[in-house]
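Got a structure for you, written out below as structure tokens; questions coming shortly.
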């Protein structure tokens, strides 16, 4: 009843091609943005910002990155974690080489390095497909992880072998380092994630986005329609790795403050892959929903029993979290293999015809 | 299938509702001292983590049960599971710091490094007992971080000193080959600069064998290399599942076990037991008591374990890692007690705790008073020196349990201290602007 | 690379209209084998500009392989292909596409995850040039380009009478409509030569009539040269200007429909005479 | 530098032949173990097209169950029987709860489901058995423990672990048994039919559900054998899970559906890894084992995208 598009006529192709052609969607988006930019900063406590919102946004961005490669271009990747690591190490090197440069610029530039590395590991995708390609990206994962440990130059020869984020200011606000307020970090992360998500939505509705989907849906037909497979796939690898790189850099600069190579291990790759698949392959909104589910649910499971005064041993909660997350993944795959994004569409469809069942 | 979908949507709504719960601010405890314990009883390093967690928990719990806490104020304990995972470590920190946390013991180099810069901002000290960042021993640069009783560099110097003793003097190390097998992470790499320096000084050859984290349980290549190189001694910096695997492999290639020496984190009972009979003779450094023959441990047995207040398996009390956890808690408890004495307050804050730890003086008499005579070397923290470079002993596995195999050995402080200070300076420079110490050391 | 696309393809000029027909594509002595299996043996024929050329033959005669050779998907071991008077070197399929060769497929090869509109828009890929950075910005050149091409695509949608399914994901369309969308996608490329691989397979009579009408309209209105594979002899005889007949990878007849229909070799091939 | 890469390693091999043989033996043993893990993958992939990511955790889970039973006082052989029973229940449960509702989904969805299963089993396993590493009950199961040393010449020495020999023997027995099972029994034939074409198999009256439960059970048995062997080499803990990733390059080499392929692929990776690490790894600081297998598989793929035993792929439209 509330979600009805009847009566909304488009008089130009421009209006028809807008990101949210339907009024209700535009309102919904506006509400989400108001919540993100006004309500949450006004009411949330530090724990909510640092342990829920910031990681959620970082993961959502990484999930967008992987979604471009896997969801839109159809190339399965298990190396997301390592590509994020490349971004993190690049950003770290950049900030130590150019200590006076704006740290946010450095974070955005660091993605270029992971884009380059991503493109290199994307090269075999011309000949290799599906699960076989997954092995290529696994090679990237393990090889890059090894590099993070074995090339001391990357971490400035720190005895600890880890990268530590120095304090940097911008416009009088401390944005990185331990003194940076959660709220400042939250705004930086929110702006970067929302900005990149918007820009990617643009790419995805245009020629390049279509050429990725062509490759995904039927690569041979795409080639016969004039899409150059190598160039298109490499571009997907590069764009995807760029975004993952930025997410990885944000992960250490605005969230963790310090990172060891093991922070970018295969587990991180899986975490992101879960988010993409549960959220819905080929959906930007799905990346956010998937990230919310995979990140926030375990946090809830971990801390809610304590808040309710239920006393459970810490490890039991952890075990339960694993079991519940695993079971829910299977459950959601069975309920709707196309992820939350499709569930959301179904819900919208139901609202559209409500109160009639069809 | 339709029902499934409705259920799925329902579940999503439930998650949303739960979220609002987390947003509510956590209640602050006022009548107790709050000590969060970042532990890991799951994940690949759980094998070592569980014993530590039990030890830490049980001693503090015992103080609550037996003495009603410290200074008449109960301790509020909360375990938070990190799984040795940096992401969850930060999460635990953020979740607990608002409740008036007094001190953090991350038991993971990665999490420690994340907390070090935060410590001075949030004014909560980090106690990384015998791990973490070695440079943190410099209290001038790191007023909020404590790594008593020793740093890895202290440990590395003790191993070399001990090997020197075995060979009848450090000068006899010339021309010897010493192998170093380590977990390929910051933890295992940290001692290398010192070992290299010692190698140069005493003329032995240092051979390095890195074990990647993912290959912890697959070390046959490293040990084949050991077999080829035939080092005279092997030194190990391992953790978690790496330890038992390494010991098994050493047995397999018939390496003389009494020439195989682990760091204090490679000193678990399970680690050595995994090697079976062949592991007899394996040595490891240690700075916490061997065995359960201490009055305080008996109290734990009585007040905590027998009372069913702990998940500890009674047989594991007195194990090296369990005792390590106990020692960690002793330092926490003594820190709190000292802080209470210094400030006159019963319920203290993180800042008070820092003062308490900095004035920590665990002497022979106090240890005896605690029912832990001989459990640890007397240790003292000063404002400048947060590690103290205390003596360490070597213990040996007799096939069933650990036995002390050497006297307390002093680290080569003269060599280590300048390194520590240089490293601290370097850290501060790299992380410029590093906050300066706010309250100067009383000289 | 994809700069050269003839605009004159749009100017109506049937072959019958102009007497001296230009050869658009010529295949000379082409052979193709997979391992030891010979798919095509020594085939030569040509396609004149503006005509409808049919390729027929029993199952396994090598028809689809022939199309694949023409649009660069397979590379023949022997023989040459001459395109607009120039011998073509070995090339990639996307190069053939950029030269103005479009095709449809025997088993519908639409992009299943995309809507009808996006599928047809995908046919415009070669004609859109705004690079990544304009696309990221969207406002301005990229949006204008998109709208400009959208207009062209809407013309095709109108032409094929598929307005109602514009925003429907193609996976949900019935088979007949999918074939039509596929034709639309190929048309969106504004090809000079359109290869149709069994455009009417599996259709009912009504759908076949519609499709035939579209094919003739495309040929007449846009002047597009068409090469099609089809099994329905009635359709072939009605539509095509000239017919090539293949059997076991060899050419057995070539000429106007009525002539081919009368050829003994063709009758034998279809009725099955032992070789 | 060139000398170090191209000549020195071979000189070393020649100079210390006993050591080289030992390296080969270690490579062989590692290869057998990789092959065993890969075998579990192959069984399930062949019959259902599912790339079972949970195979690694099934190895840990089987071994933990075995040790767990024994710790609770069940005699070793009885524990073994009970574990087999548990793996059977697991197979049935997976088929009933996970596979059946997901039939006909794309392979990536099935892959994800098995990753979900991995998470579940990790949590469940730790919940039931605790997180600390356990020691495999090698002796109690009657497996040999010692080692035999062959002394060659003056300093030559080759040490063979009895448990490794046992691993090789068990691997051979398992592969043979599976071969016989696949080729000679009715269920085996049905299984191959299912592998070829689900629809066709259904149409001749083969129960897919039954077949899937059987392959998952078979994979569970393979996992148990693998778990015992790996557990005896290091110990039984969840860190072992990561080793299971090594099965991927093995499968790439050997092909996803070929049992002999899994064995050959495993051996290639095993030999390649050990030789690479011991003779060339030192040049870049060692520890190359963590990625060498993947790079070997990758390079191999670039030249033979269809795998070792696969047929050349002809793309069709």
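Per-chain residue numbering starts at 1, and chain names A, B, C and D are given in the order in which the chains are listed.
Here is the rule we go by: a residue touches a chain if its C-beta (ideal position, glycine included) is under 8 Å from a C-beta of that chain, and two chains touch if they have at least 3 such contacts.
Keep in mind the model is a prediction, meaning the values are calculated, not measured.
Any chain bridging chain C and chain D, meaning touching each of them, is among A; the list is complete. The chain pair sharing the most C-beta contacts is A-B. Distance between chain centres (mean CA atoms), chain A to chain D: 33 Å. In terms of their C-alpha centroids, the spacing between chain B and chain D amounts to 36 Å. Taking each chain's centre as the average of its CA atoms, chain A and chain C sit 41 Å apart.
Each chain gets a centre from the mean of its Cα atoms; for chain B and chain C, those two points are 72 Å apart.
Along chain D, residues 126, 131, 242, 245, 285, 287, 290, 315, 317 each make contact with two or more other chains. Looking at chain A, one finds that residues 142, 145-146, 149, 220-221, 224, 266, 315, 318-319, 322, 328, 334 touch two or more other chains. For chain B, the set of residues touching two or more other chains reads 41-42, 184, 212, 214.
If you check the complex, the residues on chain C that touch chain A are 2, 71, 73, 92-94, 96-98, 102-103, 105, 109-114, 118, 121-126, 128, 130, 132, 135-138, 142-143, 145-147, 150-151, 154, 185, 189. If you check the complex, the residues on chain A that touch chain B are 43-48, 50-52, 55, 96, 99, 142, 145-146, 149, 156, 158-162, 164-167, 177-179, 255-263, 265-267, 292-293, 296-297, 299-300, 302-304, 306-308, 313-315, 317-319, 322, 328, 331-332, 334-336, 340, 343, 346-347. Per the touch definition, chain B reaches chain A in the complex via residues 1, 4-5, 7-9, 11-12, 15, 18-19, 21-26, 39, 41-42, 78-81, 83, 85-87, 90-91, 94-95, 98, 109-110, 113-114, 116-122, 133-135, 184-187, 189-190, 193, 212-214, 311, 423, 427, 430-433, 435.
Contact residues on chain D toward chain A in their complex (touch as defined above): 51, 97-98, 101-102, 105-109, 111-113, 115-124, 126-127, 131, 242, 245, 248-249, 252, 256, 284-285, 287-288, 290-291, 294-295, 297-298, 301-302, 305, 315, 317. Interface residues of chain A, counted against chain D in their complex, comprise 76, 124, 127-128, 130-132, 134-136, 138-139, 142-143, 145-146, 149-150, 220-221, 224, 266, 270, 273-274, 277-278, 281, 315-316, 318-330, 333-334, 337.
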